[in-house]
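Heads up, the next two complexes both have subunit A, just with different partners, subunit B and then subunit C.
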Partner chain A sequence: MKHQVLSVLFALLLLPLNAPAAMRVFSCEPEWASLVTELAGDHAEVFTATTAQQDPHYIQARPSLIAQMRRADLVVCTGAELETGWLPVLMARGGNPGVKPGTDGYFEAANFVPMLGVPQRLDRAEGDIHARGNPHIQLDPHNIERIAPALAERLAKLDPGNAADYRQRLEDFNQRWQSALQRWDTLAEPLRRMPIVVHHDSWTYLNHWLGLNQIGTLEPKPGVPPSSSHLAELRETLKITPARAVIRAPFEEARASEWLSKQAGPVMLELPYTVGGNAQATDLFGLFDSSIALLQEAQP
Partner chain B sequence: MNTDGLNLIILGPAFLAGLLVLSTHVPLGQQVLRRGIIFIDLAIAQIAGLGVLWAHAMAWEENALTIQLTACSAALLGALALYFCEQRWPEILEAVIGTSFVLAASAAILILANNPHGGEHLKDLLVGQVLWVDLNQLVPVALLYTLILFVWFGFGAAHRSVLFYILFALAITASVQLVGVYLVFASLIIPALAVRRFGKYALLAAYLLGTAGYAAGLVLSALLDLPSGAVIVWMLALFALASSLIIARLTGMSTGVGKE
Partner chain C sequence: MNPGVKACITLLPLSLPVCVHASMDDELANIRQQMETLQKQYETRLKELETRLEQAEALARQNQSELSGASTAAPIAAAESPAAAMPVTQDLSNAFNPALSVVLQGSVNSYSQNPDNYALPGFQLGEEGGLAAEGLTLDETEVTASASVDPYFYGQTTISFADQANDGTEVSIEEAFVDPLILPAGLGMRFGKFYSNFGYLNRFHSHAWDFHDAPLAYSAFLNRQYGDTGLRLDWVAPTDTYLLIGGETFAGNSFPAGSSSQVLGDVQSLFAKVGGDVGASNAWQAGLSGLWVNANDRQTDVPGDTSDTFNGDSSLLVGDFVWKWAPNGNATQRNFKFQSEYFYRDESGDMAVENDGNNGLMDYHGKQRGWYMQGVYQFMAHWRAGLRYDRLSADNHLKVTSLGGFADNQSIINASGLDNDGYHPQRWTMMLDWSPSEFSRLRLQYDHDESLINQTDNEWSLQYIMSLGAHGAHEF
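Presenting the complex of A and B:
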């Protein structure tokens, strides 16, 4: 009897250890946090370093960033130099060898998609130092489709006990994504060749997918005001090819768009850019639903 | 509330960086107040930052020493120019300092005009990223500051203009890269301002106040999960205000703040 009580107590003590602890995932951007949640559900506890209201090129050092990096089992980021301003130094401060680049604990989404905007030749004088191409890959849903299986495989590798579940969830996600893709493609058909101006070159993949015709950029370098000759040139271009909309992300100021809208008449459009970018973009599905709906409003 | 960040490994290096900055900036700040050249640190820090950006623009960043030498040379040149101005036209010194700040800041925008990460560099220079500091970075600064403090207290640098400007330029060049312009300004001016009626205990009181400000700022930024540099600036100011009020009460003055 006494032995039985003891063994039950012992089993109770072990119980919390036997219950599978959720993987801790550190996601650099909200779109990957959303994808991890789709693929892992309750198996992962996801921390997101940036919000849709922040430019992922640049973030402020906060204590929680280091704390989360220290305990992460998996770090999921865009890569392609998007986070070079802060991720390397955060990893150095986090001192977590399990998530260093090159290990299984580090997942770089850009490795799984064909990159657009890769410079033909690298020249510092041209000021373009995104050597691996435009890093804003989340805005083409076909890229999400390419990244999801790789991410599911990585989750399965790190947490083999739940591998079957990750694969099952991937299949389910793929099915829902395929039907959403069909819906989006039909809805977006009239948007083809729609002329647009963008605040900064963050929309390359959306343009590529929807066939939008980008005819200019307001702010060629983020955070650095454009020169007057650049703005004059843009005005001239718009006189020849009027743009329907001038597109900006939630973290970009409206002032430049307002200026152009007054000068040349395109509709100002704030697209969600990533998950959380507006009230409708609560997950990856909402991100594209809302983006297309907003673009349709600009198209008469 | 969030207690994840309350970890010595996370906050410790930033706190040590703060102590280092305070060690030189508190006595320097008292002298800045005495001379009435409040904005000199903004100007010198911006000029030093300009040196760093210029070194980057010239693609010298492979060599950390070259960057530091460029930054120090820029700051020293700026400081000596201001010293010359102080000797020659003391009545317009503050105006010249203000103008130098604006010129250096605008020059930074021009240098960064072709850099896609320009905005980030500009912001980093101002706000700093005190939490990213790691211990290895602090070693050269500690050596430099030991030397500066030795010259400062050993040779009475406070009373020799040229020496003051040189030490000031070197101290600021190191600190602005660690903690950013805002914290440099706050560390210089706020403790010195708060203790100006403390008499012979002024220096000690300013050190204590600065230390308390950094400690409280870091802990609060961890609890609220807010950017540390900005929270520290506010904590320094709150502690300074509180200590001014207390000293005003103790010395029997009705309003001690804002009344010279």
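Presenting the complex of A and C:
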């Protein structure tokens, strides 16, 4: 028995490992998968670990993810502790030293943007807080603009043969992004100071960019589910300072939003949150097109 | 100076000469128009000031984030010139300290039968194989420290403190291992003291279990959980379907071994695991493992002051299967986990039975089976309910070779605890737990325990598990 298993083990070890033509990219979240696709095109085969229907804080370190981590040439994640509950397991089990933090094979997007919402006090009594700041950085298109060149450089470094192509694609992406930014800024001008309530503090960067006025959160503390007493307090606040919309991500339950909407009037709004969050958000451009369009509907 | 302000000042004197030559009506209309222009300019100016204020606020926030970390001017550089963005290191000054976490556990347990008489007929239990202490008890308090040692190694240790009621505190090293960080091509290695990767549940610390107690098969075959000092090698295949194969060698200083007697260890294991997804909502893993033990003076206690010593070979095969479901893979609200393991053990050797100064000896050959299956359903955020069924069966062949003071063959066999009279222990367990956050859990559990013949035990426990400190990542 022992010898049979051993011989199978060795037979598997001797299997030819064919080198893939394209760089294998493991993306923790869909927004970075979309950015890699913009910058690398056919040079990269992108795997996305999570979808817009999943809360990136809480992901199971599934066997399929370990298998993908094993073969990745580049891992692109948000960082800032967003994936702290599952990425370390994939790293430890994947047996792939080329993508460990600190190597060129690991790209952490949060390293390239100024962080908002850095807590003054680190205590779990404050809920699910992140020492480095709010990690939902993808919702400000200026952050995408900051991350893209760093990511393109990293792709070029890992795949020097196609370096010129990555830089060319970056230039092309930047041009399209700049014109989109102008379009969004114009469209979003009337949204400035729009009063909103959010489910979880996932929209800090969107608020910062569009100048939305966040009046409150449905969660009493980050990661703590909406309680009836907190919602009642929020209703009283909205009587004095009415909000236009109550915003949630596709993976957040609608119940608390529904209650507040009925009680205090703000329109229920499910924004895409990331690429794939609704039918329009098929890529990064669609993500912001759709987010602004939905906000406009709520602000007549 | 702002262009808006300039326009304001220059327009005012210009308007005055116009006033002198115009008629009254024209003049009024003119003034009205100018007032409107001024108002518009004023609004624009206000808006500009507002924007500038926001920008200043954002900058202040950036500076704050910069101060809270150990970084220099990098965040501002990143904000101002995206093309020249530099990685920002925001590590705290104590970042070289190991990540520390503490798990506090305690429970209150009630049994309808006397827990001192607990046994599993047909099986010899190690020290940990019995029930938790009755009444208010402090379960293990675990302290875990982990960190990268250097670019080449990662180290982790878990020290457990068990409160022994009137008997002081027992400190034990649950795990203390090192993982090399630079092995290529899916290879993994671990050395030191650690839980075997054999089976499914074995490698998890008890605070991560879905029930307060171990499955009966784990109590019977592994003295609750098998960990020992040794070496592991494993390999993840470069395939889309997860495939892990590996093996371990252990000194053999704990149950089901006795005391180490060979340089390369008395316990060897081999394991293979496969796993994957079915759509976005389902994930599974299946495993097959074997544990081969050379038992050297393995001592076990049987209720009634008997102690057994086993010398011989023991081989244990386990098949395990886990299925997890969550709608669209979003487990925060609802999810379901099914888990089952099947154990088969074949043991043969010499069994010495000691009771009241008598020392009997038997030839022992046993074929034993055990399995459990369980389902845990999170029916709403933070609330889970679970159901588990356990069953054991033993087919032991015993031949007395020396009476050693015992009255007759049957009294040795009875004292050894290996005779089950054809009885198969079984148990039903239900639990309900509430986890206000991912760091705390309270659990109520009921066991309908038919381990003993004609002595059904109704077991209740209320348990708490609290995790402090470093955020441990969860394995599948």
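In the analysis below, the second predicted complex is superposed on the first by the 264 of 300 C-alpha atoms of A that agree within 3 Å, B and C clash if a C-alpha of one lies under 4 Å from a C-alpha of the other, contacts with A are read in each partner's own complex, and residues count from 1 in each chain.
Simple rule for what comes next: a contact is a pair of C-beta atoms (placed from the backbone, for glycine too) under 8 Å apart; a residue touches a chain by one contact, two chains touch by 3 or more.
It should be emphasised that the depicted structure is a prediction, and the values quoted were computed from it without experimental measurement.
Asks: If we overlay the two complexes on their shared chain A, which of subunit B and subunit C does A:62 touch? Say first, second, both or neither.
Replies: both
Asks: May I ask you to name which of subunit B and subunit C touches more residues of subunit A?
Replies: Ranking subunit B and subunit C by residues of subunit A touched puts C first.
Asks: In the superposed arrangement, does A:130 touch subunit B (first), subunit C (second), both or neither?
Replies: A:130 sits against subunit B, while subunit C stays out of touch.
Asks: Of the partners subunit B and subunit C, which touch A:195 in the superposed model: first, second, both, neither?
Replies: neither
Asks: By the touch definition at the top of the document, which applies to A:93: first (subunit B), second (subunit C), both, or neither?
Replies: In the superposition, A:93 touches subunit B and subunit C alike.
Asks: Looking at A:85 after the superposition, I want to know if it touches subunit B, subunit C, both of them or none. Which is it: first, second, both, neither?
Replies: Once the two structures are laid over each other on A, A:85 reaches both partners.
Asks: Looking at the overlay, does A:227 come into contact with subunit B only (first), subunit C only (second), both, or neither?
Replies: So A:227 only meets subunit B here.
Asks: Overlap of the subunit B and subunit C footprints on subunit A, residue-wise?
Replies: 58, 60-64, 66-68, 70, 85-86, 89, 92-93, 95, 124, 127-128, 223-225
Asks: Quick check: in the complex, which residue numbers of subunit A touch subunit C?
Replies: Against subunit C, subunit A makes touches at 1-2, 5-6, 8-9, 12-13, 17, 50-51, 53-55, 58-64, 66-68, 70-71, 81, 84-89, 92-98, 100, 108, 111-118, 120, 124, 127-128, 131-133, 142, 145-150, 208, 211, 223-225, 251, 253.
Asks: Which residues of subunit C touch subunit A once you look at their complex with the stated criterion?
Replies: For this pair, the touching residues of subunit C are 51, 54, 58, 61-62, 64-65, 68-69, 75-76, 78-79, 82-83, 85-90, 92, 154, 179, 181-188, 234-245, 247, 268, 270, 272-277, 280, 283-285, 290, 292, 324, 326, 328-333, 381-382, 437-439, 471, 473-476.
Asks: Mind pulling up the subunit B residues that touch subunit A in the complex?
Replies: The contact residues of subunit B facing subunit A are 2, 4-7, 9-11, 13, 59, 109, 112-120, 122-123, 127, 129-132, 134, 218, 221-222, 225-229.
Asks: Which part of subunit A faces subunit B closely enough to touch in the complex?
Replies: Interface residues on subunit A, with respect to subunit B: 57-58, 60-68, 70, 85-86, 89-90, 92-93, 95, 124-130, 221-225, 227.
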